[in-house]
Amino acid sequence: MRDLFGLLMRDVRFEEGLNACMNCGVCTAICPAAEYYNYDPRRVVDIVQTRNNEAIEELLRSETIWYCGQCMSCKTRCPRGNTPGLVIMALRKLSQELGYFTDSEKGRQQFAIKRAIGGNILNYGYCVPSYAVDPMAHPEQGPVWGHFVEHLDDVIARCGGELNGAEGPLRKIDDDTMDELRRIFDVSGASEFFETIESASEAKADEMGLEFKKEGTDFEYFRYVYSTDNGEHQSEEIRKEAYENGR
Amino acid sequence: MKTEGKKRIWSEYQKNVPDDHFFYVRSCIRQSFFPGSEQVFLKILRDDLGKDVFEDPRHTTCTGIGYHGDVVPFETIQTVVARHFALATEAGYKNIAISCVTSFGIYTEILETWKHFPETLVKARENLFKATGRVFDLPETISHASDIIYKFRDEIAAKAKYALTDITTGEPLRIVEHIGCHYAKMFPKHGIGGAEFPHVLVGMIEKWGGSVVDYPERRHCCGFGFRQYLVQANRGYSLSSSKKKFESMEPYQPDMIVSNCPGCAMFLDRWQYAINEIDGITYGKDDEGIPSLTYEEMAALMLGYDPWEIGLQYHNVQALPLLRKIGVEADPEKRFISKDGSRLPEPAGLINNF
Amino acid sequence: MAKQIIIAGGGVAGIEAAATLADMGHKVNIIEKGSSSGGNAVRWHALFPDRRPAGEVISYLNNRVRNKNIEVTYNTCVNKVRHHGSSLVINLSSGEELKADAFIVATGFDLFDASRKEEYGYGIYDNVITAPELEDMFNGGSLYTADGRVPERVGFIHCVGSRDEKVCNHHCSKVCCVTAVKQAIEVREMLPGCEVFCFYMDMRMFGPYYEELYREAQEVHNVNFIRGKVSEASNTINHKVAVKVEDTLAGRPLRMEVDLLVLMTGMEMSATGASLAEASGLRRGKNRFLSVRDNHMHSNNSDLPGVFYAGTCTAPMSITDTISHARSAALEVNLYLSER
Amino acid sequence: MNFEPFIMPFNIGLYFILAYCVVRCVVWFRGLSRSDKLRLQRGFFGRPFMQSISEIINESLLHRRIFKVNPVLGYMHMSLAFGWFLLILFGTIEADYFGAHHLNPPSRAIFFRFFNPDHGEAGFARAFGFMMDLILAFILSGLLLAISKRFRPKTMGMRKTTKHTLVDRIALTSLWLIFPSRLMAESLTCGAHNSGSFLTGTLGHAMASVMPAAEIAPVFWWLYSLSLGTFFVLLPVSRYFHIPVELFLIFMRNSGIRTGDKASSFTEVQLHACSSCGICISTCQMSKSAGINNIQSAYLVKGLRSGSDVSDITKNCLMCGRCEEVCPVGIELGPLRMIQRRGGEKQYEKIPVIQQYHLKRKNVSTEKEVTHSYSYLKNTTPVKADVLFFAGCMTHLTPSIIQSMKKIFDEAGVNYHFMDESGGVCCGRPLMLAGRDKEARELINHNSDIIWKSGAKMLVTPCPICYKVFNESYYLDVEVLHHTQFIDMLIEEGSLRPGFMNRSVVYHDPCELGRGSGIYTEPRNVIGYIADLQSVDEEAEKSLCCGGSLANFSLSSDKRRNIAADAIQILTKDNPTAVVTACPLCKKTFSSVSETKVTDIAELVAMALPHAKPAALTTVTKNKNVTVSASNS
Amino acid sequence: MSQVSQQKFGFGINKSRLINYDKGDRRVRQYITDREPTFKLCFSCGACTAGCTAGAHATVNMRRVNVYIRRGELEPIREEVTRCMMCGKCLLTCPRGVNTRTVMALAAEAMKKLDRNEL
């Protein structure tokens, strides 16, 4: 069995985030994810601190590690100086490196994030530029957003900028800078990491018999990982209640 | 409630915010959703306060959303941040001013990591040099843009045309402040007022005549949660967290929400629309909705900037009743106009559109 | 000829050590920083586990201190102790210098300043109080919230300032668990209609009849115990205190409102003891309390000959343990003086 | 013949009670199931009739069972019942023989002396009169005892006596008044007429010499008649109704009618046949050791008769069966209680339409609930074996029994399969004890499936609780053996040769094995091979309960411990080296209170097998050991 | 998930997992403590759950059941309380003398009554 704990310990965030947990629950008490998902950060830390590689592998393949919203509220309060949020980040990194993330529904979503955010960064130099936030795909952005995107030029100008200009908000990032950014991604491991996510996802799409494209977001597998919710991520009791209410 | 207790905490968490000469880094979310906020921040600093703020057009995203979306490795984001430090070094700036709370959190986290794990700094320098040939010095100060406004709150108050008071009653407005989680929860000492009773927004609000509401879920996350919002299937989580906050603040009948985090300000606005659609609930007194502003928008309002020039109309919860309360005269007809001054069709279904 | 012994601190440990030495015929001078003796115990209403009035112990101590061999100097601190030849020189805050054959540090503890746990809002939210403040209310004979209501729900947070690296206290203060149980019972007796909750991480019922008291709290007094450290407290619009905790036994977050939130503040090294130790070169441990020469065999001894320790200046202790520790300090001093 | 008004109370009472009894018997008879009706009809005209008659004489009149419990108490009951019977019998003969007419109405016999004040002057009549006085004296002696029992129950070995209702008290008073008033009436009449025998005559003369006997006598005749009349009228509503009902019960029982698991008119007859004598209270360990004095069978029966809420009483019982063993009326107390426990399930089964409407208005669900509590159980593929070993839940808490049984199986070369080695499913008996038969059936079906499919011929269990349910409630084609029986069989056939250990032990009969299943000899046989079996005060049918019983749902652990401690004290009175039992629960319960080693029979056997280490089986005296080592050092 | 939110947004408002003590229904707790006062004595050591016969086949966590009843959170344990086989092992393992088996039976009984509006 692979020494997963050892692999985790190579991540400085893990080393920083994991001390001895005494199961006081202070993290779960204020964790937004613990309230809306079947999730208990205390348990995650408790499991990894056992150094049981089997249990850790189970965790890496589970839905559990994908529930955290990384608000880091847990860091402020832990009386033993743990940061479950950082432990989670290290677990997620390893889960993707080892390709385990495609075993869970929430893990598979990494592919969508890679394509959307990763794509934005490498294409535009921004994580979320307005023009990449399609009002059709984001109805929750509300009526103002359709207007905003439709009249993006005017909006930016009204606020004192020029879309894709040389200065101000949403200016175009010059090609030299974009090259630098891409080279940083190459030398610091991001490109390789992206590739791992891509290939594992492609393999999963193949296994599931879903259409997969090398580019873009308009194909079955992307839509599947982006929007599927099997409804089993909240706690058992709440699912049951929801079921009974629906009956 | 005893305010002395809060004052004591606030006095314990004061950070060194420099007076002048800032190297400004923009936020992906703020420039995409609140472009007026960043622009007016620069205007206030440069024009109203006469400060030197340099903004290098070559700076990029910090990749923070990718990092917290777990697709950008830690080493990569360190290198991207190192590049920004290199740009600052090259331009001769030692004070970094950060627009985004996620970025601010990342900058502080990286600097702390470099302090505790020096080998990571070495690696970041090596990666940056290999990729770009750039070198850098560590900055002397890291400030969030709200820290800077906080620092100059007295100056702004002195120049203010309006106050955060209801002009008809003279009562201070009841304001909910929301601090982005990554502002001080990770490193309380880097935030003004610490993690539990942050003073950065309270200081502005109280200085400008408003009163702050301390409601039970004040410290709760807005629910962005990075991957929890970025992926459609997970958005219910994000929505639910904000709803929890709205329900908790509702009994206090706040007049507005002000946030120092671009994401939070957006979600606290957008989710009011979504909740209205799903549950038919409109929060706020008399179903007015609670306008969710950025602190730059709030400062600009005080200084008398045209609300439509700073982009207040690009919120789902319109600020019209709020503007009337504080006495800002703004023509609703002039909200949505094009570059050439022609009227654009008004989006349907806005909250508070009266 | 009678030997002169100086004791820093006129609390439980100082008085008991002084009286024991005086009984042996030694001359003792207690230097007390306050204007009366008895230390932290004076504030207590009743003691665990048998709920005897604290006044009984205080009057026992007061009787003990009325001894011709004992002299008490009030409103004075010991600044420093140093060797001068074969005897000790003690510098007082009054500027005076005293000579002594032996010196006992009995500077006791300071209660943790609850406002340092900012998330509980002590000093900000009116209805967040500390354990000694609750004792004050017991002494006053009535229990009300800050806004004058009779509380319907009282919460106790264990381990405030103990076992918490966020406030640099890794140690367990030992007595807070049983104090919380005692106070919970007292609240239930005083206000039978009031629900009481203890939020605990571990129930450390280390002494005789403590576990029995815990059982009694459950069995007879219907005190509720919720295992989890409270993460934050906040004010509600109706002046209650909302607490967030994980019910770790259910693995789910729990929220509830209480009318009064009592913080079980732990023990820390006293500030006067700390500066005395600093000035005199007395070694302190990671918990900042004085380090004894040997944890098992010489828990009253410092590294300096003639300087001894009694009571909670070395570690958190109950009154029972403090009295025993003080007596053994007296024995150690006596042995030291007879061997000289 | 003149009409005497004073006989009216008596006549009214008598004819009323006779009519009432007849009607009641008819109602009860009609309430019986078809098969029970047939049984009773057949029984009435067959051999059971004679059995019933002899039982009536032995028990209803002579009260032999009570005699066995306590001779004084027996005498008391006998004097009243048998004495009164004789008085009526001979009174009738007397009236018939000496009276004016033959075939007199009963009042003629009862008030014989009134109508024949001068009777008994000489000869046979005199002798007869003497006998009648003797019978009366006999009754009065019992009455004296009864009165003293009411005030000092301990004199009759009764620790507690049942409490009386107001009606009971009036009935009792009238009963008590019957015989003294008869004595007075007869004596006064005899005194006035200078007749009577040694009792009535002597007393009569004495009284006549100081008072106008002839004038006072009618008062007592009235009192006598009134007492009788009151008693008869109150009979159906008082505890004394048991007197006539018991007769009916005896006929029913001897006809082969049994309680079963549902309430019927037979259970009602049993309820009314209870005399509230309180023997069940005295014998109950819950009373003796745990100080609980309101849940015993007498109270259950009383509560059921009066229709009050008995749910707390029902569940607070060890179901050890000791009360049933000693009940002088022979009421099936265990099954009666079980019916009540099952009662909870019956609710909501059949609700009249009008009631349903009301319940619906109150938003109460009236749907019959379907229970699938154990649908989570998954079918497993059974292992084929000749012998199945089912340890049971409790045995899993005493692994040494399991180890010993494994050793015994191996030693005897038995091809067995350990059915519930990894936990298994409960046998279902505890659920049945809770009255939840339907749910128990789910577990029974699950286990039955495994047993059937294993093809085993024999099922061995060391747990009497499991044993009882396997035997009684499973439909199996295997032979079910308790491990005591199985080991006995192995030794008998020579497959197991334990050595003799020359130590004295006592045997504790577990309730479910002894009284519950009638297994007394096999364990004693087995122990006999290995050790010297001492007898104890209360054993076999009278064996004590360990207190651990799963049948009790309310008893606190402290009180359980008290029961166990009292029982172990009796068991270890003669300092045996070990207390041997044959139930994991008894072993576990006793172990926590016993200084003497408590061992299961399997452990004893395993220890006595060749190659076994000869250790253990010494008195575990932890405290003594400590003292010894301390004094040595 | 409501129709509106599902069709329009593809997601809905999540239900909270929070135990809101102020909204808990503690009638079942009252019902049990009135009848079996040892219920109060549990200190959640888990000995009952560890050896539970039914627990080997399905989730029957008596320790957790006790906690949930105290808190007044009944939904999560609605089915669980009916799964007990009443074997009584828990009685023998409890260090505090809790009549755990009876507690389970009473819990099931009380919850039935609750559904029938009889509590």
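Read from first to last, the chains carry the letters A, B, C, D and E; within each, the first residue is number 1.
One rule holds in what follows: a residue touches a chain if its C-beta (ideal position, glycine included) is under 8 Å from a C-beta of that chain, and two chains touch if they have at least 3 such contacts.
Remember, it's a predicted structure, so these values are computed and weren't measured experimentally.
Peer 1: What are the mutual neighbours of subunit B and subunit E in this structure?
Peer 2: Expected: A, C.
Peer 1: Walk from subunit D over to subunit E along touching chains and report the minimum step count.
Peer 2: Minimal hop count between subunit D and subunit E: 1.
Peer 1: Determine the set of chains touching subunit A that also touch subunit B.
Peer 2: C, E
Peer 1: Can you identify the chain nearest the overall CA centroid, using each chain's own CA centroid?
Peer 2: E
Peer 1: What is the chain whose Cα centre is as far as it gets from that of subunit A?
Peer 2: D
Peer 1: Compare the CA centroid of subunit E with every other chain's and tell me the farthest one.
Peer 2: B
Peer 1: By number of C-beta pairs in contact, which chain pair leads?
Peer 2: Result of the pairwise contact count: A-B comes out on top.
Peer 1: State, to the nearest whole Å, the distance from the C-alpha centre of subunit A to the C-alpha centre of subunit D.
Peer 2: Each chain's C-alpha centroid was found; their separation is 72 Å.
Peer 1: Would you kindly tell me how far, in whole Å, the mean C-alpha position of subunit D lies from that of subunit C?
Peer 2: Comparing mean C-alpha positions, subunit D is 63 Å from subunit C.
Peer 1: Counting only Cα atoms for the centres, state how far subunit A is from subunit C in Å.
Peer 2: Their C-alpha centroids are separated by 48 Å.
Peer 1: Could you work out how far the Cα centre of subunit B sits from that of subunit D, in whole Å?
Peer 2: Between these chains, centre-to-centre, one finds 83 Å.
Peer 1: On subunit B, where are the residues touching two or more other chains?
Peer 2: 195-196, 219, 232-237, 239-240, 244, 274
Peer 1: Which subunit C residues reach two or more other chains?
Peer 2: 119, 227, 232, 247, 252-254
Peer 1: According to the definition of touch, which chains form touching pairs?
Peer 2: Going through each pair of chains, those in contact are A-B, A-C, A-E, B-C, B-E, C-E, D-E.
Peer 1: Show me the residue ranges of subunit A that touch subunit E in the complex, using the header's touch definition.
Peer 2: Those residues of subunit A that touch subunit E are 34-38, 139-140, 227, 229, 231, 234-238, 240-242.
Peer 1: Taking the complex as given, what residues does subunit C use to touch subunit B?
Peer 2: Where subunit C meets subunit B, its residues are 115, 118-119, 121-126, 232, 234-237, 242.
Peer 1: How about subunit E: which of its residues touch subunit C in the complex?
Peer 2: The touching residues are 17-22, 37, 40-41, 43-44, 63-64, 67-68, 70-71, 73, 96.
Peer 1: Please give the residue numbers of subunit E that touch subunit A in the complex, ascending.
Peer 2: Interface residues on the subunit E side: 1, 8-11, 14-18, 73, 75-76, 78.
Peer 1: Quick one: in the complex, what on subunit B touches subunit A?
Peer 2: Residues in contact with subunit A: 26, 28-29, 31-33, 35-36, 38-40, 43, 55, 57-58, 60-61, 63-66, 68-76, 78-80, 83, 105, 113, 116-117, 120, 127-128, 130-132, 181-182, 185-186, 188, 195-196, 219-221, 223-228, 230-241, 244, 270-271, 273-274, 308-311, 313-316, 336-339, 344-350.
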